[in-house]
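Down below are the structures I want you to see.
Same chain, two partners: chain A is paired with chain B first, then with chain C.
So, the complex of A and B:
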């Protein structure tokens, strides 16, 4: 499975989204499920799927899906 | 900060008069006969009260904590759990059942009881099924803390030590004093690391199904633990670091569940699964709980 597909599956499961809602422009402020607990779930999911353990500062500093993609890229995880 | 641990014999030293006593109906007569205290109906405390002794389960103890500690001049709380599991006597968390069916959850160190009393007799004579379910809650607090994403090394070390102490004990078996002490320690861990999927399921199902919290937790914990071993990113490392044997733990957990509870829970899981996924307790689980994980419970019924 491609990295983008893995990321989309992860986001759908963490934030309980449908396919159509996904995109790098999706912001934390747009989702009621991207709250502090959603941030915890996202960090757990990123570690499961990509093997990268986000620091609390990285996880709480994310403001959008694009921000997550950019963070993962800096860790050598390329999301097409 | 932990509540002072007292035995029944040393409890009177902790009671600053005037003392008010609340007791669940199951132990009211024993409270009179063995503790020498006169229970009154739970409600507003009389002005001037300085100590509230509460003998019962987690629900009554949490109500006592809220009542006593929310007063302008807080009253001492001496908590006497009548069974292990909930651990309310050692927790800064309160869970209150609202009249509208919605639970109020609050966390504050101010809610910690001032003392917890180990009174093994009521636990020792409780029905085996309740003792076993309470053991499930102790196990769940321990295992969910062990792999919690909010836990640091110190919490994991404490949780792993608890696992080693729990393993030799038959769930619901003898050793009431030991179970009460382990229950308090497990709950103290839970208050620092939160809980996970087993509690998220219980939170959503215990009301609609009319099955007590500990019974739901005990019923689903074997499946939740199996998922954790397969999915939790840190299980392998934690298990290796603390010499934890998943098969041995699973064998103990398999002794927890009541077959009738299992059937009722399985029948309801699919209807409530989305609410379970959104439950705050599920969202601090040690692995990401996904919609597809519902399938893992298909064999949960006996």
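So, the complex of A and C:
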């Protein structure tokens, strides 16, 4: 499965999104499910799916899906 | 003192008829019980003199799995049967199709004692252990009452899809969540039946409240107490009752505890009284808890689940990775991913994340106790596919 597909599945799982809601422009402020527990779920999910353990600062500092994609890119995980 | 082991509905009816005619107290035990008859006889022999005659004892393993021998007075059970008869206009029912084990207090009082007091006929079946025989009994039924537990509603729908049983005119549910979402199907199966939600517990021997299916849209609403019964909730919302029909004693954990008519008896459920005087269940005491400061009621979550999922559902407690309490939602049979997504969308739209299940698991069927209730211990011990994980 491609990295983008894995990320989309993860985001749908963690934030209970539909296909149409996905995209890098999706912001934390726009999602009621991206709360503190959602941040924990996302961090656990990123480690499970991509093998990268986010620091608490990285996890709580994310503001959008695009920010997560950029963070993963700096760790050598390319999301096409 | 004697002990009767349930051996099929027909044989049990004959044994109960004989036991009711003799004064000595007897125990009526389910056939599939972890408690042996010798234990029950030992308890009976140790009863104080005033309980050694004109009483009966039923075993409740309950959903917690801790066995209790609940002792009722025959005169009270007969009074309750008469009160039910009057409260529900059951005089129209001339017979009852037995589809539950009679050792289950709801079936014992609502069907066997009722039939004894009012000289009505019982039609024994083995319930869903022999669906063909149950179907035939329902086809042959005339002006009949049928008592079920809520979890049997999906079984009815699956086993008898498209059939119509005009001979059933009273349909009673008790024992766990009332299958409100199954009402359209139930009305197709039993178009002439009035459908009733009954609530109670073994210590109530067994009934506390009653409401017609149409009286409320929430399955958790159990209506008002029967005449002779009072309900109250304490500061923690624990529901308690006082009843002129209730059990007179309970043997549990090696001790006999007698219950007076003025004693408040905890039901083990949490509840709130609505403005109209009816009561709404919030869940068992262990089923309402706080998670990250948010109140979680698994009964309310199952109410939400029932809006879109009409097959079997149950929950069991668990903790997340940080040790915070939560619960696992179990669905049977396991839905496909589309079904899971649909359900999750409904949950997302109505509940804060702290109220979401930790996981959703699938099972082929839910493990059941002999009385049809979900076996909580077996549910958490069994393994099934994880359909969704909140990852907290």
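General observations
As a working rule, the second predicted complex is superposed on the first by the 80 of 80 C-alpha atoms of A that agree within 3 Å, B and C clash if a C-alpha of one lies under 4 Å from a C-alpha of the other, contacts with A are read in each partner's own complex, and residues count from 1 in each chain.
Throughout what follows, contacts are C-beta pairs under 8 Å (C-beta built on N, C-alpha and C of every residue); 3 or more make two chains touch, one makes a residue touch a chain.
Predicted model, so just to flag it, every value in this text is computed and none were measured.
Contacts of A:31 after superposition on the shared chain: neither chain B nor chain C is touched. Of the two partner chains placed by superposition, only chain C is touched by A:18; chain B is not.
Contacts of A:40 after superposition: both chain B and chain C are touched.
For the contact definition in use here, the residues of chain A common to its chain B contact set and its chain C contact set are 13-14, 16, 33, 37-38, 40-41, 44-45, 48.
Residues 12-14, 16, 18, 33, 35-38, 40-42, 44-45, 48 of chain A are the ones touching chain C in the complex. Residue ranges of chain B in contact with chain A, taken from their complex: 149-150, 231, 233, 274, 277-278, 280, 283-288, 290-291.
Looking at the complex, you find that chain C touches chain A at residues 292, 321, 341, 344-345, 347-348, 352-354, 388-392.
Across the interface of their complex, chain B is touched by residues 10, 13-14, 16, 33, 37-38, 40-41, 43-45, 47-48, 51, 53 of chain A.
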